[in-house]
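Down below are the structures I want you to see.
Each of the next two complexes has subunit A plus one other chain: subunit B in the first, subunit C in the second.
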Partner chain A sequence: MGKYDNVEGIARRTMILFFLIDTSNSMSGTKIGEVNDAIEGVIPEIKEISSSNADALIKIACLTFSTGVKWMYPNPVDVNDFKWSYVNAGGMTEMGKAFEVLNEKLSRNEFMAEVAGSYAPAIFLLSDGAPTDEYKDAIEKLKKNNWFKYALKAAVAIGDDADKDMLATFTGDEELVLTAHSPEALRKVIRFVSVTASKIGSKSSVSAQTTNAKQDDFAEQITEFNSDLIDSQNDNW
Partner chain B sequence: MIDLKRNERIQIKNGSKAEVIQKIGEGGQGAVYKVHYAREDYAMKLYFPRAIKKKNEFYSNLENNIVNGSPNESFLWPLYITEMKNGTFGYLMRLRPAGYEDFSKILTAKVQMNSDMAIINAALHLVNAFKDLHSKGYSYQDLNDGNFFINPENGDVLICDNDNVAPYGQNVGVDGKSRYIAPEVVTGKSRPNVHTDRFSLAVVLFMLFFRGHPFEGAKTASHCCLTEQLEKEYYGVHPLFCYDPKDESNRPVRGIHNNVIRLWNMYPRYIQDAFIKVFTAGIKDVNERLTEREWTNILLRYRNSTIKCSCGCYNTFEDETQAKLTCADCGTEINRPLVLTINKNKIFLYPETRLYTYQIEDSQDLFQEAGMVIINKANKSLWGLKNLSKRGWIVEYSSGEQKSVPYGGVLFLLKGTKIFFGNEYSGEIN
Partner chain C sequence: MIIGKKEISNISTLAISQLGASHQDTGICEDSSAVYQDSNMAIACVADGHGDSRCFRANLGSKFAVEIGIQCVKEFVANQPNLDFNNEKEIDKAFIQLKSYILFKWLERTKNHLLAHPIEDREVGLMDAEDYEEYQREGIFKSYPVLYGSTFIIACVTSGFYFALQLGDGDVAIDNKKFVMPLPEDPRCFGPYTTSLCNDDAIDSFRHYYAKGNPRAIMVSTDGLGKSFAEQQRFLDLLKVIEKNIVETGAEGAKPELIDFFERLTERGSQDDISLGAIVKVGE
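After this line comes the complex of A and B, so read on.
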């Protein structure tokens, strides 16, 4: 009936939100249960952020690592069509392997092949332990990957056994490593980090003077959230 | 920040307490709640403590805006301010009524505008709102796809986030989104002001009409990762209009920018020219950016010459010299209908064409209808203009015969007819 009958959505970039999840044996029980439930629960919110966003749409990619690594789906999935499939825990903590395959996928020949282009991704690492494999080379390589450099990165240490220094090497900033001492805290962290990363990562940048305003804004919000979290937590795992 | 709870009470400055009903949503700077205050429901925006840098300045600017009042009814203007508490505060505004959709949802095609006429009217409402805002000495500073709502049925517009609005020459420290803000703000050479508003207004109008971005094309598409550095380049340092007549290197790309490619040529030359002016010369020279008045004139010309084919599709005559057009949808050939000239307005009289109050009396209201072209039920080739205005009209047919047309009455559309609108306004049909 008019000019706009066949109108498409405006050309949008894509922002991929990566979850890197430790599914080693120590994660069994409430930890992995809470991770599953919290991520599943935040997906509708991310869907909303994506659907009312004319700058970028959000896709989700999830990599689990234990003895070996596994992508939940072969390619990143539009959050609109994304279904969380429950992950189980068991095995070693081959985080080095996870860094390696992440590095492979952060390439324009792999996950970053969107026709309309992308914004830098957001990458969220969740772990309760330390790598059981050789990870140093892998993380060094990853840190040279430009997609990784520009990415919004955060990590959550689940309980006190997590290797926080290593997580800080991953995020590049210890302020971006949050610690969850209880299932409630873990749920809050997952929600806050996922939503904040989605909002900031999927929007055209602000007109500020710097060229890493998104990372700065992200760091600032995470830091503020973290100080509230520390005040409110008691140990519970 | 922890969410407010239902029934929590917030002290309004110089007033009683507002009661929280529920959270509506949250954005970068704060959260919005539905609240009850003084026997009415309102939306309350409450800032995150970290979000506002110069709190006192921001607070008093907001207070000032409340005192000065809304420039026109298109704004969800701040009405009451809360007391400052725990390093934060907020303000009350009207709730968005049902039927108004986020502009971003229209852009993502989650919501469709009801008709091309609703799109034209949305553009006019936006321009009109900015005209009134600027004529009060304000600038808006942060126009983007997240800051206004459109009613897809009729094109009504509501603008929210009026908290950065500031008097001429001042600003309260907002950093807008690169994709929407003027190049000189992206590069940090200027703070937002009236001229940067006019740039953003043109960006938003372009997006409303063409469903794409004026500076996105082959150049921007060549980068698989749009880093912040590149955003600065393409929206700030070297923005290149995708239809720049002198430089084709950033043309829309088939497969990515399909809308722009299809829709650009469906608009008349004078509309294309307006965008070309703002997005080429207007990048550097703020005086090349169209004023709201200029946009209004262009959009009214467009609305006056847009007719509705019997299939429902709207089509536009470039000017009166165009003898006919082919309906863009059903392919019917439509001969140029009679045109009613009232001062500068040339109104193409086709069934369902509206006459508006501003055309026949001294009025700023661009939307109130004063007449409509109708088809005679018994003889479909006979068209008439129905008087829907408050005044009686006098008609003088070319035969010399005179007739009065009261409210609800109809005059025949015949060449050479003069209409006197009961005041100093008159027009002629040709």
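After this line comes the complex of A and C, so read on.
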């Protein structure tokens, strides 16, 4: 028997990829269908990133919001065990409530409790409309949350009715709000943002002097992708 | 208490750097480690070159850091035979000088390396455009240290006195009956972020600890080891097992099985490179 066979408590650091998905009535039909297909389709790629070259294990948490909010699973799930559960659309757009519960979960006592260490998360917000509830207080509180401050954030406006100003308030940078004018573009955006956030978010980084290096890197890649996306899109919802 | 005069004995030292599971594709271990031992002192040093894409020479930065660290601490102990360790002001002044000296030598070494080994074509794309313009114009650029960015930890045991210096993440654990981690935490080492030898304010980011006496063991390690454990106590439990094995079989005897274990640990744990430097008392 080896001298180290009984060593216990080995664990990997974790990076959580959050999907915040608008499942209000206006998302019904093609939009929610594309969201379901695209996220389910990108999971194998994130698995590959998590197992092959990431410094951190990637977990996934999904919050849907319409009339009320709902976590797909009560805790973030290791991407290797994650199974996408199809989400349906219907109801209002209670985005403020979503920000409130996200803020609660971005805490060492909740989702960020990994003792081996949690990397700043990546948070991806998808919406085709505007909040129907009071969201300003909730987003102000969320912006004071350290995990949120350090998070990689991106949002996709699905069609032209989405409140892009509000999405830019969420991401902190209008360049990080992408607009999908067609099912094809939406699929591309979901894939690109999920993969890029997983790759950048799960790698260790240089120094506290440049704490936003990952955010800068992420923003640069998203901006470049967005300019290509704008050039290639026709409105097709 | 005066350092560097009396001889030390029954000390065993060990240094290991294990390639991280997430670096298997490149085969480049960004960590470095080294130990030194003579009749007056034992030194263990580890450094962790950053994985950030801008730090494309970080494996060299960590190598330079441990080489310079060992040399500077050797000189520090040898050249200060009259340093009085009961005089706090004198010690603090000496440590400031030591930190400055290590940093100066590291910056000098990295600068000389860059001048002797210009940026290669494959490296250009990893640089900021402004830096590259300055580099083309001047042959050097202001933020060149980031290319070699690394953390740094060193510990030294002399007769009746020991100390440790740390800059960036990683761990220093000292066994006086049980392992404790006496250095203050640096709040800027957060999640994947760490302070670094390449920071402009690096001199202010050093932490140090010193004490009289002879510990049973001092272990310095890069974050790939500590962050492979869900609880700090489990990590300290492992250090105790390592210490026991070194006491029983000597550093060379303990090394092969430990290397094998680190290979498995990085796979199941942090996926990061793992480095350990150990100074262990093996007899009375």
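As a convention for this text, the second predicted complex is superposed on the first by the 221 of 237 C-alpha atoms of A that agree within 3 Å, B and C clash if a C-alpha of one lies under 4 Å from a C-alpha of the other, contacts with A are read in each partner's own complex, and residues count from 1 in each chain.
As a convention for this text, contacts are C-beta pairs under 8 Å (C-beta built on N, C-alpha and C of every residue); 3 or more make two chains touch, one makes a residue touch a chain.
In this text, all values refer to a predicted model and were calculated from it rather than measured experimentally.
Engineer: Which of the two partners, first being subunit B and second being subunit C, lies in contact with A:7: first, second, both, or neither?
Structural biologist: Once the two structures are laid over each other on A, A:7 reaches both partners.
Engineer: Let me test your reading of the model: by the given contact rule, A:119 touches which partner, first (subunit B), second (subunit C), both or neither?
Structural biologist: both
Engineer: Considering only touches as defined above, state whether A:213 meets subunit B (first), subunit C (second), both or neither.
Structural biologist: Both partners, subunit B and subunit C.
Engineer: So in the superposed three-chain picture, is A:224 touching just subunit B, just subunit C, both, or none of them (first/second/both/neither)?
Structural biologist: first
Engineer: After superposing on the shared chain, does subunit C or subunit B touch more subunit A residues?
Structural biologist: Result: the larger residue contact count on subunit A belongs to B.
Engineer: Shared contact residues on subunit A for subunit B and subunit C?
Structural biologist: In subunit A, residues 2-4, 7-13, 52-55, 114-120, 150, 203-209, 211, 213-214 are touched by subunit B and also by subunit C.
Engineer: Could you list, by residue number, the parts of subunit B that touch subunit A in their complex?
Structural biologist: Within the complex, subunit B contacts subunit A at residues 1-2, 28, 50, 102-105, 107-110, 112-113, 115-116, 119, 145-146, 175-181, 185-186, 188, 207, 211-213, 216, 220-221, 223-229, 231-232, 235-236, 255-259, 262-263, 266, 311-314, 328-329.
Engineer: Quick check on the complex: what are the subunit A residues that touch subunit C?
Structural biologist: So the residues of subunit A in touch with subunit C come to 2-4, 7-13, 52-56, 114-120, 150, 203-209, 211, 213-214, 217.
Engineer: Under the stated contact criterion, what part of subunit C meets subunit A in this complex?
Structural biologist: Subunit C residues touching subunit A: 22, 25, 50-55, 146, 149, 168, 188-196, 198-201, 227-235, 237-238, 241, 245, 257-258, 260-261, 265, 268-272.
Engineer: Which residues of subunit A touch subunit B once you look at their complex with the stated criterion?
Structural biologist: Those residues of subunit A that touch subunit B are 1-13, 51-55, 57, 108, 112-120, 146-147, 150, 199, 203-214, 220-221, 224, 228.
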